[in-house]
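Read through the structures below before going on.
Two complexes, one shared chain (chain A), two partners (chain B, chain C).
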Partner chain A sequence: MPELDELETRLVGLTETDIQRGLEVFRSKLKAAEASYLNSCVHCGLCADSCHYHRMDSTLENIPAHKLELISSVFKRNFTAMGRIAPGLVGAKPFNREMAKAWVDAVFGRCSLCGRCSVNCTIGIALPRIFRAARAALGTMGLVPTDLQATVDNSLKHGNNMAVTKDDWVETVQWIEEELQTETGDPGAKIPLDKQGAKVLFTVNPREPKFFPLSLLASAKVFWAAREDWTLASDNGWDLTNYGLFNCNDEQAGAITQNLVDAMERLGCQTLVIGECGHGYGAARWEGPEWLRKSYPFEVKSILELMDEYLRAGRIRLDSSKNPIPVTLHDPCNLVRHGGICEAQRRVLRQAVDSFIEMTPNREHNFCCGGGGGQLAMARYKQRRIRSGGMKAKQIRESGAKIVVAPCHNCIDQLMELNKEYKLNVQIKTVAEMVADALVLDA
Partner chain B sequence: MSHTVFHGHNVELNEEGFLTDPSVWNEELALVLAKAEEGLDQLTDDHWAVIRTIRAHYLETESAPMVRSICKTTGLPLKRIYELFPSGPAKGACKLAGLPKPDGCV
Partner chain C sequence: MTTLHLGVLLAIAWAVLTMTFLHLKAKSYGIRKLYSKPAGDPAKGVVYAFTLGMAPWAKESVMMNLPSYGAGLAFHAGVLTALGLLPVAAFRLELPSFVLFSVRLFTLAGVVGGFVLLMKRLVNPQLRGLSCPDDFVSNILGSTFALLAFAWTLSPVAEVPWMAEAMLLLIYAPLGKIRHCLFFFTTRYHLGAFFGRRGTFPPGGRFHA
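And then the complex of A and B:
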């Protein structure tokens, strides 16, 4: 049965109990600051131009303040005295089937949780946190789009979001190890699996072993050149993704994070290194301890920070003339605007390529590629996703670069589609792929 | 929901261009999908080797094979797979083989 009907069926079947449970979960996710934000929007409209959805399709529904209004009107009606007494005066509205449908459309269908509206908000309203609370409420009402939830369910059931079996994973790692030996000419080059006490536990996106293993080969080559003491886990704990960040079910997100914590403990590693992935970094580095309600007994780093350290310490050397084609850099929202990893990838790229051109705008002001927030997993919103990605396509074209480096596999998939849809004629690569190609190897 | 015309009948595709019902797939339909979804006018023997490998794996396991398995079964190097299907193994090859869209960052 087509998915649209499934979601509509669930909407039609909503009971008063579902609505009440949704409201309870919504309220429980709002801390004092977020509750005050729900009364703070002054409708200045600056957020409209900040949002890639609105920039590419200027309908009212795409204005972040309008999406916020849907949510704050429900908050006022249910959780404020004035909203209960005089709803018409304060714009308070009931939470019913129609409003639940509008929420689904706004927070799943027109938002990638990129946070650019928040950066441009005159009063700094943390819109993504409020939209996440709304997603959590919808989740408890069974209103998460099926394909997004399936990705979370895969992680819970199989330990990775593409349901890759242990045998398939290990076979692919061994295959890539052979490729590494061929490429380096070193029969001793290894991709260690389950190495007890290794300093670094490296994690990847399942998309790499499943369909695009060249990025794993590139990362392994960099570790080999730096003589890193590293390992991959053969079982649960090799997948860095966590779509619990997007269905906003904190219990499920915590259970997925626990796979990484368990692998660190099982293997006795010191540093959890997150491969090139925006949401995976944000989930593991910043949200994980919140979900688990405890600090980690180990440090978490992005592989971008690690490569930056290798260069500073002279552990690897690069020859930028090996990468002569002009390169631009995409800033994944979860890694840069939300995650704070901003300069490491730039320092690395400047040494790895001859010609590095910044997109405009960049860093924390970057535009989302359009694939974030779980958009790539939700087939029903594909047309909006491609259309909203028009901002990124424009930035890429204006940069004049012929290679787009994106330190995020989710962004890479969206950029591959934008490349095709907008006929950009660029190559799309990870930072590690550029570094691996520029390595100067000792004779 | 979108459609592609095949032998005068509408075949239902999801928004991403994947078959809504994978069981309606046949090799003629793969050609139609190749043209409609991937802009490929014809499919070479190498294309067919990949598509048939993916299809057989799907019928056996209801999942897409690892790219490792595609390379091993067909004997084609990895880089050749990417050349054959510019949209990649998931949005290119699996789509033409009539599989549903894989979960995850694809």
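And then the complex of A and C:
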């Protein structure tokens, strides 16, 4: 495992200056809320089974409070009086090479930043906020797993995280446009590129042009049916993903967000619409303005909200009998628990399918699929990722549904692997795909 | 008021001042200026976090661990009742019999709750692994405090050790994890504001379908 060796090498090569710099960055990420969180944990351990890692592998290392303790022990040692006076009593520990290694394992290798522990903590500690500060500190020390950092670097260098060239992107869009015309029977059906002054700038996950063109076709079909005034950007600003949310380098994350802001300004659009992607929505809608330290002069919406609006306004009509197979819904953590979009996708699906079955638990209590937090980009933790996804597999199986709808392409990748690993025998689709299939097209 | 009571008063003053200092220190980290447009009302999130969000049915973690949750509630009720009893002892107040009965019930429940939690921490390997000496010290101080308060309701002989124990507890409170008596409130406030702003709290759903 060369990746393991590389990270180990970087750990061994850590200098005192690296460690001090890591501590400084960690401290700089803490505000009053985080300082409160770091003073609050009572080690009750009730959070243990709220974590999908612990639920599938019941070890001490997988308890959220243990992961938090690794970080709060360093906080106590360096930033509290009692941690300096009586470290043994309060569990304060120095930040050194061994601790840095433990942090990497905990915050990159055993956490998808899903935040399920936050809503289950008896005190109310928002643990991912602390883990993000720790990831930022590790990043400063060069300890972000290489493949995760490579995804961020791709976005910074190429404007999208899969290094899709502009020519490839434009060609794919043109090909999907032809498909759209065939499917709708409307030779005038368009997928506009760089349409100046369009109301909506639509953004997608690069997985769509690369691996799932039918997802983009479905979204385009919905826009066509709703007669939306929309466009895609041909250059930087079409990719909604932002793995800066996961390496927690705010500067890099801000630079990626800036692509979207620039595209909105360049094209003069009013609403930035984020395609079906949990972390993309979280990054663009919630974290982007914080990274850039400014409010957007435009609105940000998920395509789920937009489809919900179309249905409410009667801009599209659906025939649920076109989707007769039982459907269940996965709630991506960054879209639902951390994103606040809980009901729009449900309202849409109830009109788009004959039989909609909720997973248990759901909404803000839903389990992470295991692919969040950048896990899909960190090959070294693949086994843990697949194992931790066992909770999601169990939820899907118990729902009895034959189609799993996941409004997130990262989740879809993980669910496809879970489908194979746990022999779930289900189809996995996006909400837009279900809506596109149920559309009642005017004659 | 005896010298012992004065000692307790000074310990209370220490606890209050030190907790205030801790609170101010945490606040000195600064409030994060937020630029994203809110989707919900942070205030509603805070209200939810302190009300229905604390209900057992709002947390799967609690529903899965009801005995531990119950022991925790009993423990806290016992310690808080014992704290409330301090001025009664200091000012030699007479308690109506039904209040006295309740005090005995709560403090005894606190002792039992504390003992159960202590045993769980000792016996459960994962919980033991999660613990540091402070966890045990804090539990023992709290449990003993409730036990001596209970004993005092039965016999005034227990007053001296109870007051001494009260001083220890109050002096230790800001130094170890008992500081969560302050940070519980600030943490819950921040959690509620965070999820309230994002429109997740108050929730539209429950963990059961």
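Basically, the second predicted complex is superposed on the first by the 442 of 443 C-alpha atoms of A that agree within 3 Å, B and C clash if a C-alpha of one lies under 4 Å from a C-alpha of the other, contacts with A are read in each partner's own complex, and residues count from 1 in each chain.
Criterion: a contact is a pair of C-beta atoms (placed from the backbone, for glycine too) under 8 Å apart; a residue touches a chain by one contact, two chains touch by 3 or more.
Note that the structure is predicted; figures quoted are calculated from it, not measured.
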Which of chain B and chain C A:S50 touches, first, second, both or neither: second
Winner by number of chain A residues touched, once chain B and chain C are compared: C
Partner chain in contact with A:D194 - chain B first, chain C second, else both or neither: neither
Partner chain(s) touched by A:E69 [first = chain B, second = chain C, both, neither]: second
Touched partner set for A:D229, first chain B, second chain C, both or neither: neither
Residue numbers on chain A that touch chain C, as the complex places them: 30-37, 39-50, 58-60, 63, 65-66, 69, 82, 86, 88-91, 118-126, 129, 285-290, 292-296, 299-300, 336-343, 358-365
Residue ranges of chain B touching chain A (in the complex, touch as defined): 1, 12, 14-16, 18, 20, 63-64, 66-69, 78, 86-91, 101-106
Contacting residues of chain C [partner chain A, same complex]: 22, 25-37, 39-40, 49, 53, 59-62, 64-65, 68-69, 72, 124-127, 129-135, 137, 175-177, 179-180, 183-184, 186-188, 190-192, 194-195, 198-200, 203-209
For the chain A and chain B complex, residues of the former touching the latter: 2-4, 147, 150-151, 154, 161-164, 168, 171-172, 175, 205-207, 209-214, 241, 376-377, 379-383, 409-410, 413, 416-417, 420
